[in-house]
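Labels run A, B, C and D following the written order; every chain starts at residue 1.
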Amino acid sequence: MNFSNLINNYEEAVAMILFGIGFSNLLLQKNLIKKIIGLNIMDTAMYLFLALKGYIAGRKAPIVVDGVQSVEAYINPIPAGLVLTGIVVSVSVTALMLSLTIRLYRRYHTLNLDEITTRLEKEGL
Amino acid sequence: MNAWILLPVILPALSGICLLCSSLRSHLHSSGVDVWNDLKEEERGRLHRFVGIVLVLTAVLALLAAWSGEHEVRLFELMEGIPVYFRIDAVGKMFVTFVTIVWVAVGFYSFLYMKHEGEERRFFGFFLLVYGVLIALDFAGNLVTMYLFYELMTLSSMPLVMHNGSKEAIMAALKYLFYSMCGAYLGLFGIFFLYRCCDTLTFTAGGSLNAALVSGREGTMLIAVMAMLIGFGAKAGMFPLHAWLPTAHPVAPSPASAALSAVIVKSGVLAVVRVVYYMVGTEFLRGTWVQTVWMTLTLLTVFLGSLLAFREPVFKKRLAYSTVSQVSYVLFGLSLLQPQAFTGALLHTVFHAFIKSALFLTAGIIIYQTGKTRVDELRGIGKEMPCMLWCYTFASLGLIGIPPMSGFVSKWYLAQGALQASVGAFRYLGPAVLLASALLTAGYLLPVTINGFLPGKDWKVRSGEENGIQMMLIPLAVLAALTILLGLFPNPLASYIYELAMTVM
Amino acid sequence: MAVVILLPILFGVLIPLFPFKNRAQMMFYIETVVLVNSLLVLCLLLNRPEQAFVLFRLNGNLSISFQLDGLGTVFAGIVSALWPLATLYAFEYMKHEGHETYFFMFYTITYGITLGIAFSEDIVTMYCFYEMLTLVTLPLIMHTLSREAILASRTYLYYSLGGAAFAFIGMIFILNYGATANFVPGGVLDPAKTAGSENLLLLIYVLCFLGFSVKTAMWPFGAWLPKAGVAPTPVTALLHAVAVVKAGAFTLMRITYYSFGTEFLRGTWAQTVLMVFVIITIVYGCSRALKETHFKRRLAYSTMSNLSYILFGVVLMSPLGLVGALSHMVFHAVMKICSFFCAGAVIYKTGRNYIHELNGLGRKMPRVFVIFAISGFALMGVPGLCGFVSKWNLAKAALASTHPLAVIGVAALLISALLTAIYMLTIVVRAFFPGRDFDYSSLDGIEDPGWMMLLPLVLFVITMFLFGLHSAPLIRAFTQLAAFVK
Amino acid sequence: MEFVQNFPFICIILSLFSGPLSSVLSGKKAKWWNAFVITAIGLMNIAVLAFVVSTGEPYVYRMGHFSAPWGNEIRVGILEAVMAVFFCVTMLLCMLGGIAEREEEIEESKQNLYYIMVNLLLSSLLALIYTNDLFTAYVFVEINTISACGLIMIRQNGRTIVAATRYMIMSLLGSGMLLLGICFLYSITGHLLMSNIQQAVWNLHETGMYQVPLLVAVGLMSVGLAVKSALFPFHGWLPDAYGYSTVSSAAILSSLVSKGYIFLLLKIFYRVIGFEVIKDSKVIHVLFVFGIAGMIIGSIDAIRENSIRRMIAYSSVAQIGYIYMGFGLGTELGVLSSVFHILCHAATKALLFLSASSLTEVSGDSTSFFDLTGAGYRNKAAGLAFTVGSLSMVGFPMLGGFISKILFAQAAVGHAYKMLPTLIALAVSTILNTVYFLKTVIRIYTPMRSEEKKEKQYKLVTMGQQPVKSAALLCFVALNLVLGLFSQPILTLLERGLSMFA
């Protein structure tokens, strides 16, 4: 296959790579904090992707000033909105994850999920 | 309306059942006490009177029914198209007659004998029951009816075998049951086929096989017939299903074993006659592999039986083995599918019935008086009970077939038949085997006589053993006399059977 | 029609709620219910309603509906005839079991459900009642609540529902490939739909048959039946010799002759496969019975093989075969319930469960053991008793059919008859001939049970003789019934 | 436009805002307020349902009356309404049934939080059901996740927190993929409103452009939602989450949350991508395979399980397998049966969880089988309920499970190569269900030996002592019976709903 596509829109490629990194971190990391970081990377990658979709070179942000230009002049604002929403979501989710992590740490003094599980097994709780 | 011919069936059966019920009831509340001979003298007297009357009555009725012309009775339908059907034909007549004679004789004999066995009510109960069943079996007019009574006979005669309730008796009885059932079901297997391939299951001289139905499936048909032969042969102690005989006879009370080997074994013969000559027909079998196999089996049995008997030390067992071989004489005769041989076979059936029952009764008397069971213990027995041993001697001479005793006649006919039949090598093989086994027979029967009469000098005689057992001696004497008589004047019977043979071939 | 099905169910449910003053009152109540129901069934059978009765619709094509045809009549007849007797017997028997209230509750409910199977018009209804039957009889098996009872009920459950799961597939196919879900003599398969997928359908039929055959304890799915022998004898007798297992046989007749249809099945590999299974079962059951030393379990194994006689008739897929199957269905019901009741009487009176403990009992319980002997003869197929008739018809059918395995089937029948003779008669012999030096004083105080137990037994014996000696009308009726099979 | 058309929107908003409200209320008040809210929402949805059924066609409700592509839409059809009503009912019953446990398992201060979570959950569920906008769906998926996680961890012990963490991680992975899928879809279609996307996708399908991205997008979304609804290979988080959380949480999670995701997936299939396109995409084969694997392996795990709660949890895995298998068949009937199974599984599984908790309650709070011996006698209502539930799961006639089983089988019949696998799987999983469920039933009706009775004094519970819970249980039983006996009207509703769904 030809890599020209890949080169031409490298931003998407980067976003995808980032997504992969984040995803694999979230999935594979033992340490909870690292998991959360992975989660954030993943989300960020998504926002990058969306933002790229939204941006069209040589257009303006859709802010109506005097002398309204035609719709073609503007960038579709929706992606930006999506990004904002997404950020909110990810923030809340991250917060929740962190709080969970803190609880676990208080209880078991470790951030390693597997360790915690094995200990639970030992407790037989 | 000649339903009355069923009286000789119903009468003994019912009275037998009554006896059984009474015996059961008597045990119901007698806890702990010796249940074996709980009969007081007067009770026993009453029992004997009752049984005696029933026996005689039945005998008279049976003979009347048999010889007062052709009768037939069609009862209800067992299954549609298959009624319970009785018809008295020539074979039936003959069988009924000798069955009756033997039965009455044995019955009277056992009055005394059963004293030391105990449980008389049960014994006589089943004894009468079997009698009724046997008569019905001989009168049976179609295959299913015959099968019905055949099984009933097995079931009702089984208790006779295990009468004394000892462990080996029960085992023997079960063995008897197993073999008979094996045979019966092999027979049933064949009956199913015959039902498909015959016009009717009613006995018709010469067979009622429908060629059209058979065509195309001769192979299976032959297999079915072979199965039936082996099956019914089991009752007649034919190899390979003969093993029950030597086990069952010795443990049974002597009257029972006499009845078994004289009559019940013969019912197997009857069944074979019915199947071969009245259902399948001789044409179908003549020259087929079935006939060959059948002849081989019978000859094998004849020879092996006498051989084993020869080597057998226990008296009753020896007699049992001899039954095995003798009945196979009959079967061999039948297997030749030839009038002469047929005549010989049926003659031998009758003769052997009388002779063998006589022999067993002898054994019974010996056991009753002295408790001796082994042949080598019997030295000098003749000094103690001469008349008994004389009867024994006559009988055994008959069995060996020394003229003018009866056995000679039948064997003569058999040999004749074999020589005339077109059966290849068997024409000569057959007579040879017969001869050999006759010698063996002499070898295993006569020593008893010889040792019995000539115990040697140093033998001190205790005479007077025969007092008080006349009740047993008389039937024995009668049977022995019959063997001689039939030997002297065989012709009426022989000609009667020969005509019969002509009708079926 | 729904009445006779719902009545026992309803009253059965009510039993524990009723404030019975004493036992007798409850007995009276139950017996009345059962009797009344049987009478109703009788009326129903005598004047059959032509049109089907739809209870309600599950959804579009699935409905709970009843209709009464010949086959149903036969089954319903058996059940309704035997139930009151068995109930009578149970009254006396259950004295020493306890928990009678719940026992009779489920016992009565089962009656209704069995009738439901008999009357069901389409395969869905039948399946529903079939499942319910499993469920309702479960408490009856675990009645004693002993450990082995629990295990037994568990096995029973797994086997039955497992079987039903496969039967379910068959049902689905009938729903989709059949012209209708109803039972139509000669089958409902719609050639237009089945064209091309015959082999698939055969496979499904085999699956379905095996599924339903779990109830008839066909090898290798029969293990539950002997285990279930721990249940109280009325249950073992009525359900595991008649109602439940016969329901299995009945369903098999339905799917074979009324759903898939014999023209479609005859001579296919499916028939061969099933015949092999059946023949194996016939012999296997008997031989296991021979080895078994537990009284009721031995009878259970014999049931196993006898049921396969019925199935043999079924898989012959010919009118004669159906006749044979039906006749054996009826006759075996009587014979086996009779012998089970004898066993129950012994257990009830003496508490002896194993065959080697039966020595000499014939002296003390002559009536029971004479009756047992007769039923044994019947099972062996002694002519003059009903067992012979059905055996005869089966053999007739087998020889009439062109299937190569049929002859082997006949042989199997006879072998199993032989084994039957042995395992039944050894018991009888033990009972009457315990051996010369047997001490009867050990049996003091044992006697025949009361009339409640004896009456059914005597009636059964009479029936056996009746059918054995004069079966023609019944067989003729069956022949008419089976006339539709081409 | 009719006033009733606002109800869906009002429902969502109401439950969304009743959260904060119930946080300021006192515990007891909050409880009843919450119950009231759910009831009210339920009633409203019934009204909506009635309306839609009467009009017989779906209507689109534009939030703030902005028209596409900027506006955000709610689309109400019969199917949505049915689902909404059903979810409300189940939710209400679960809440009522779980009261006792909640009050003893959750400390006083957290009670209100619980109700907040429940409200959030309900609103997000309703939103998932009604929304016509893909991104809104995503947002509410996240809200759903968060509130579900809250429900799990509300019971403060190590296990629940770990379970919650696992749950979060898995579902975040899921939602990540979902989001990515949505973005792809957006990037190739340029729309977020489902109907418009469908148009675009159809064109693409016609023109054959962007097949690969399309497939990737669909795959991503399906897998994402599959992860969140614990389809077989991704079910690792489920047993703990359901097994240790407080009972009403478990009931709600198993019967509603996962179903919400599944419903969203269904929506994506039907309304976003278009059923025609899905049918011949390879995704459904994957779903089919995993569904069947789930059916079997879930049951096997359940058999190996020794704690009743976890056993039921595993059985959920199996049941979800059923649903995906239905999708995987890729036929109208298959989808219909899946939807029906969603209903009947929701009813049954909630019932099972509730009754199981009562059974454990009378068995010294131990969930192991051995201690459950004879529990059925100690709490009759629960015993009965559990029996009914198990039978329904086994697919016993007259109960919901039977109908859905029949539907699945009928959907499978005639399918070229998926028929036999489906039927065999159905049969086998039926047997497995029998094994573990009825084993339990027999166990709870096995009486204890007398010496045990002496040594451990279990308490007896009569229906009188827990009127609310018993009532809830009986309602569920009734629900099952209704689904089993009178399935026809429901099915017709669902059929109509599906037909107007796309």
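Throughout what follows, a residue touches a chain if its C-beta (ideal position, glycine included) is under 8 Å from a C-beta of that chain, and two chains touch if they have at least 3 such contacts.
Here the structure is a predicted model, which means the values were calculated and not measured.
Peer 1: Could you say which chain's mean Cα position falls nearest to the mean Cα position of the entire protein shown?
Peer 2: Closest to the centre of all protein C-alpha atoms: chain C.
Peer 1: What chain pair shows the greatest number of contacts?
Peer 2: Result: the chain pair B-C has the most contacts.
Peer 1: Can you work out the whole-Å distance between the CA centroids of chain A and chain D?
Peer 2: 28
Peer 1: Could you state the distance in Å from the CA-based centre of chain A to that of chain B?
Peer 2: It comes to 104 Å between the two C-alpha centres.
Peer 1: Rounded to the nearest whole Å, what is the centre-to-centre distance of chain C and chain D, using the mean of the C-alpha atoms as each centre?
Peer 2: It comes to 44 Å between the two C-alpha centres.
Peer 1: Draw the chains as points, connect those that touch, then say whether the picture is a line, ring, star, complete or other.
Peer 2: line
Peer 1: Name the touching chain pairs, please: which are they?
Peer 2: A-D, B-C, C-D
Peer 1: Spell out the part of chain C that touches chain B in their complex, as residue ranges.
Peer 2: My answer: residues 363-364, 366, 370, 377, 380-384, 389, 392-393, 395-396, 399-400, 407, 410-411, 414-415, 417-418, 421-422, 425-426, 429, 433-436, 438-441, 443-444, 447, 468-472, 475-476.
Peer 1: In the complex of these two chains, what residues of chain A are touching chain D?
Peer 2: For chain A paired with chain D, touching residues are 19, 22-23, 26-27, 32, 35, 39, 42-43, 46, 49-50, 53, 78-79, 82, 85-86, 89, 92-93, 96-97, 100-101, 103-104, 107-108, 113, 116-117, 120, 123, 125.
Peer 1: Would you tell me which residues of chain B are touching chain C in their complex?
Peer 2: Against chain C, the touching part of chain B is residues 24-25, 27-28, 30-32, 35-36, 76-80, 84, 144, 147-148, 151-152, 155, 159, 162, 164-167, 170, 173-174, 177-178, 181-182, 185-186, 188-189, 192-193, 195-196, 220.
Peer 1: Which part of chain D faces chain A closely enough to touch in the complex?
Peer 2: Going by the criterion above, the answer is residues 69-70, 135, 138-139, 142, 145-146, 149-150, 153, 157-159, 161-162, 164-166, 168-169, 172-173, 176, 179-180, 183, 186-187, 192.
Peer 1: Under the touch definition given earlier, write down the residues of chain C that touch chain D in their complex.
Peer 2: Answer in residue numbers: 56-60, 62, 127-128, 131-132, 135, 138, 142, 145, 150, 153-154, 157-158, 161-162, 164-166, 168-169, 172-173, 175-177, 200.
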